[in-house]
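The next part holds the structures, each set out as structure tokens.
Below, subunit A partners subunit B and then partners subunit C, in two separate complexes.
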Partner chain A sequence: MLAISALSVFGIIVLFLGFSNNKSALMLAAMLSLLATFGLALYEWQHPEITPAVAAGMMSFDNLSILFTAVLLVTGILLLPLSERFLVDPKAQPAEYYAILLFSMVGAIMMVTFDNLIMLFLGLEILSISLYVLTGSDKRNLLANEAALKYFLMGAFATGVLLYGVAMLYGAAGSFSLSDIALYVQDNHDNLSPMLYIGLFMMLVGMLFKLSVAPFHWWTADVYTGAPNFFTAYMSTIVKTAGFAALYKILSVSFVGVYDYWFLMLAICAVLTLCIGNLTATAQQSFKRMMAYSGVSHAGYMLIAVASFSDKTPEAIFFYSLAYSIATITAFAALMRVADTKGSADFAAFYGLAKTNPFLSFALTVSMLSLAGIPLTAGFMGKLFVFMSALEQGHVALVVAAVLMSAVGVYYYLRVVIAMYMREGNGVAVTLSPRFRVVLIATTVLTILLGVVPSLVAGAL
Partner chain B sequence: MNAEASELALELALIPLIPLIGFIINGLGFGKLNKTVAGWLGTLAALGSFANTLHVVLEHWGQSLTVDYFSWISVGSLDIHFSFLLDPLSSIMLLVITGVGSLIHIYSMSYMHHDEGFGKFFAFLNLFLFSMLLLVMGSNYVVMFIGWEGVGLCSFLLIGFWNKVPAYNAAARKAFVMNRIGDLGFLLGIFILIALFGSVEFGVIFPQAAAVLTPNSGVAIALTMLLFVGAMGKSAQLPLYTWLPDAMAGPTPVSALIHAATMVTAGIYMVVRSNVLYVLAPTTLEFVAWIGLATALIGAAIGLFQNDIKKVLAYSTVSQLGLMFLALGVGAFSSGMFHVVTHAFFKALLFLGAGSVIHAMSDEQDIRKMGGLKGKLPVTFAVFLIATIAISGIPPFAGFFSKDEILSHVYEHSKLMWGLGLLVSFMTSFYMFRLVFLTFFGGFRGTDHQKHHLHESPWLMLGPLVVLAGLSIAGGLLGLPPVLSHNNWMADTLAPIFEQAKAVNASLFGHGSMTHETEWMLMAVSTVVALVAFAVAAFTFGGGKNVPAADGSPINPVQKLVYNKFYIDELYGAVIVTPIKAFGEYLYAVIEYLIIDLVVNIVGWSATMGGKALRRLQTGIVSFYVLLMVLSVVALALIGFTIKS
Partner chain C sequence: MADKLFYFLTFLALLSALMVVFSRNPIHSVLYLILTFFTLSGHYVLLNAQFIAAVNIIVYAGAIMVLFLFVVMFLNLRSETQEKTSILSKVASVTAAGLLMVVLVAALKDVNLGTVQATPDFDSQVGMVEQLGKVLFSKFLLPFELASVLFLAAMVGAVMLGRREPGEQNTF
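So, the complex of A and B:
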């Protein structure tokens, strides 16, 4: 609660700082805002009584929420320095970007702390609308405009479906509160209103759309490709973490009683997502587009964790989203530098990178190995937690599908590694600014550290 | 954890960590650090570890302490900890490894001084120390196995240290492959232990062993046999011994440290550590004894006619390791360990002495081209002679006592084995004195250039030699026979290790029914045998007579058979390597190419096609996407509805 209130104020302050001409102060201000919010979020650790007192049952900051908030904020903190191009680009509007980014973060945090469907809807929309704007922030770029419009049109459609579902749930349970719905499901277990099933179904469709889960993922590739690289990185990490945390929260609090019903839907979608995401990614020529499908496929793994619904699930989602976010930040940092230098986001742009910038190549390799789930990286441990959570509930078939598809993943993740190390480049050197270097060192070290000693964070719950 | 315990934990951890730090600095700094810094860094790491070992071991002498660091692998009910064990057995091994290791580091600073890979050499040497220390300190089979694999890796790296010579790389590969065969056995043994005991911890397995394993049951024999296969590979026993002579391709200090004093005794250490398991499988013990004896005989026999100074020593090592296994096989575990220690002293000395000779001879290793070196290399000659007397089993030097102790146990076990053991003893003494006479006596047979260059080695090399010579002389005091003293230090110290085995079969560990007269007789016989062998060697080769002919000149068939190592390498080549290679080529050409590749390609192709097909759905048209979404929603709803009702 403290975090959300403070961050909203910070966002307004950053917006007004835009009147001054000192652009680098803006990044500093945004960074300090995120750090301060991080501190405030941690302040509520082990003190779940602070928020409900003022939030009137609309939201709660329990330890799990704080962990997810921490993942979101760490992602933001690591990403922020990568936006340095806005500071020198005369046509960029960094004050607005940063302010919107902070507001969207408020939405994301609401999505991991809500206790009431209204708050979920609010958070989701704050996040989504911010992202529509940020996607189209590069006003002169036609592709970005197209992407923003597409995102908005389809997002509005999905929001409609979601809202319809929420209304149905209200019709069935007579309340928006998660605990009231849970009570309703529990008390009327043998005689549930069909409206509850329809409502849950519609709401899940809306959520899965936002999480780019197949078969509702069609917007993902186009929007990710069209958006400016920095915002693609932002949305592909933040939305996943917040969305899966929200999905798990609704299902685990309100709908335990109808597990059989939603398990089937999630399982079908998970397998579809894994197949479509991974297979389509193999056919891409552009690294950025490959990363978009990679994002789709990772939604599949996380969906397995949610669907398996064991006592290990929260830990699995938390660790997986952290591992995925960190590796994705590295990948997009590399992409930004390569695309800015060579003007292309294709695999060909990465040819010979190992010769001109061995450090960047190493960092990107570690990130690709982590995304592919190779041992000694955080990604491997993340997959391990997810699969263990599924196996604990006996969902062997799901795990087999996921393992097979992660083998496909190795193919396209290693393509960029091969491009960097085994192909001749044109000799144009890709350089790194100190900010990029610091971020890349942090993400690479974290990826390896979490892969070797996962207990650093995995035991936090 | 209280203060004392955490202090112990830190001190114990430092024993392997100091060499590891040395490895990291030298490994990262290779090419940047100058030779003096790199050499002293590596040597100080070894010395530091030795000093620390000495401190820890003396402070906790005679205790058995386990220090648990962290839970390392936890799968299901199996929980493997990373933990160290400090007890008399590991203490003795630690002292030998760090002590002899330090001397060899000092020696190497001078010996390797002209080598361009100087820093790399010290990095590897430190890494070896680290792995070897892990091997003997681990309090369970898995930590031991990490060390086991680590020393194998270092051995591979150091045999192929001069990797520009293809033959050396082949030798390194051979060592690696043979060791892998052994490792597989070891690993399977560990799996059986996990299946039987649900643990790999010594402290859990050994107390339960007698309850879980029926003596001489199939499981007990299978388990101990598999562990022994591991020991065979690492400790170069029949049939996996042929890598060790080839391993002489590595620099001489490596041969001294890894292929004589420490790594090759890992197999003996492992069997001694698992003594209670072996006592429960007498059949395996008998097998171990015979394998050891056969290896000792073959190694000594091949050693008789070798002309390469290091090859003679290598076969001698094979033979002596065989003797140690013979000791273990007859249940004389502490005698085996005793011989490990004395052998570490005199064999390291022999190798380092040989290194000094090779150094003086401008890298010549063929003893036919040496001769008369005693005048030019007086110190080397003196220490080499001491080591020779020690290994030949002439009293009162170290080798006499350990070998005699083994032979007296063998005598109790079987007279036939004892007779064959004496034969080994005879051959050992013979080939060692042959080596001494051909190398140090008579006239010089090398080139003028070599003669001009002859010089005694610097004191940095001679110092360690002198220390080792002292140990080779006095090492016997560690285990005096019952007729001379009531206290056999080695046996008394190690006694706690064998308590569980003693409970199973006390007769193996008694002082035996031997009278003092028999003991005196046995000692006299083995001394006489050694002296006779010396006399024969002196008569044949004294004064540099009967120098073996150059390769290619006609020699009698028996000699030829022995000189060519009984053609065992060729036999392995024809019986094992060629068929496996042919099988491999068949697999490649038919199974791999026609079947596996095809399947893999079809899978890959269908994935690519699938990807392309899916990609076509990605039209970029929003209304089409919305249509797809609506269709999906309807389909999912239908599936959900069907399942529900």
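So, the complex of A and C:
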């Protein structure tokens, strides 16, 4: 609660700092805001009594919500220094970007702490509307304009479907509160209104759409490719973490009683997402587009954790989203530097990178290995947690499909490594600024550290 | 009396909603949409939600529809310039939407919402602005306040996207 109030105020302060001409103060202010919010969020750890009475029944800061809040804020803190290009680009408007970024973070935190469907809807809308704007922030770029318009129209439609579902749930249970809906499901277990099923179905469609889960993933590749690199990195990490935390929260609090109904839907979507995401990613020639489909496929793994619904699920989603976010930040940091230097986001731009910048190549290799799920990286432990939570409930078929598809994943992630180490480049050197270097060191160390000693964070629950 | 009114309003709402989709001329679509909003406001009154009914007319039928009309006239859309869609995608979308309708109708046709009994403590003022304000500022205070973040983000975004850049010509 403190985190949300503080972040809203910080957003306004950063907006007004835009009047000054000192642009690097903007990034500093945004960074301090995120760090302060991170501190405030951790302050509420084990202290749910801090939450004021006004939040009663609307949002709750239990330990799981705080963990997800921490993942969101760490992602934001690691990403922020990568936006340094906005500080020198005369066409960029960093004050507005950072303010919207902080507001969108408020929405994301609402999505992991809500206790009421109204709060979920508000949080989702704050996050989505901020992202529509940020996607189109590069006004002169036709691809970015197309991406923003597509994202806006599709997203607004998905929100409509979600709202329709929420209305149906209200019709069935007579309340927006998660615990009241749970009570209704429990009390009327043999005689549930069909409106509840239709409502749940519509709500899941809306949520899965925002999470780019197949068969609702069509917008993902174009939007992720068209958006400016920095905002693509932001949306492919923050939305996944917040969305899956929200999905798990709704299902685990309100709809335990109708598990049989939603399990099948999520399981089919998970397998479909894994197949479509991984197989399409192999055919891409652009690194950025490959990362978009890789984002789709990772949604599939996280969906398996949600669908299996064992007592290990919250830990699996938490660890997986952390590992995925950190590795994705590294990948997009490399992409930003390579694309800025060579003017292309294709695999060919990465040829011979190992000769001109060994450190960047090493960091990107670690990130690719983590995304592919090779042992000794965080990504491997994340997949292990997901598969263990599925096996605990005996969903062997789901795990087999996921393992097969992660073998396909190894192919396209290693293509990047091969491009960097085994191909001849044109000798144009890719340089790194101190900010990029610090972020890359942090993400690489974190990826290896979490892969070797996952108990650092995994035991936190 | 009330149920006859309900069926009349529903018939009108469905008819005008269908006409929004089927009209060739975008201006006619917008006008039918206004009619749809009026019939929906009628439904709100039947549900004893007078304030929502008034707001629906003012905001949707008033402000937003004027914006719609303005944009449609501004862009000067013609029915001849409609994009051609292939037969295959037409068949696919009709099939998908039709199946969804069949499933929804089949699932929802047996819903029994129960009947409302008129009790002595029934408050006919429940949908008025006073009652609504009390709920909004007590039970739903937090979402009400946080909605301001949503509007602020949207406003900042609108200004950011709409602001004229240095050197940009005014084309209007």
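Here, the second predicted complex is superposed on the first by the 460 of 461 C-alpha atoms of A that agree within 3 Å, B and C clash if a C-alpha of one lies under 4 Å from a C-alpha of the other, contacts with A are read in each partner's own complex, and residues count from 1 in each chain.
The rule is simple: a contact is a pair of C-beta atoms (placed from the backbone, for glycine too) under 8 Å apart; a residue touches a chain by one contact, two chains touch by 3 or more.
All values reported here derive from a predicted model rather than from experimental measurement.
Within the superposed three-chain model, A:A92 lies out of touch with both subunit B and subunit C [touch as defined at top]. By the touch criterion stated above, A:L279 is placed in contact with subunit B alone, subunit C being left untouched.
By the touch criterion defined above, A:Y197 reaches both subunit B and subunit C.
By the touch criterion stated above, A:V106 is placed in contact with subunit C alone, subunit B being left untouched.
Set side by side, subunit B and subunit C differ in how many residues of subunit A they touch, and the one touching more is C. When the shared chain is aligned, no partner comes close enough to touch A:A442: not subunit B, not subunit C. Overlap of the subunit B and subunit C interfaces on subunit A comprises residues 197. Interface of subunit A with subunit B (complex): residues 150, 153-154, 157-158, 161, 197, 201, 205, 209, 215-216, 218-219, 221-222, 261, 264-265, 268-269, 275-276, 279-284, 408, 411. On the side of subunit C, the complex with subunit A involves touching residues 104, 107-108, 110-111, 113, 139-143, 146-147, 149-150, 152-154, 156-161, 163, 165-166. Partner subunit A is touched in their complex by these residues of subunit B: 604, 607-608, 610-612, 614-615, 617-618, 620, 622, 625-626, 628-629, 632-633, 636-637, 639-640, 643-644.
Residues 4, 8, 11-12, 15, 54-55, 57-59, 90-91, 93, 96, 99-100, 103-104, 106-107, 110, 116, 118-119, 122, 125-126, 129-130, 132-133, 136-137, 139, 171, 193-195, 197-198 of subunit A are the ones that touch subunit C when the two sit in their complex.
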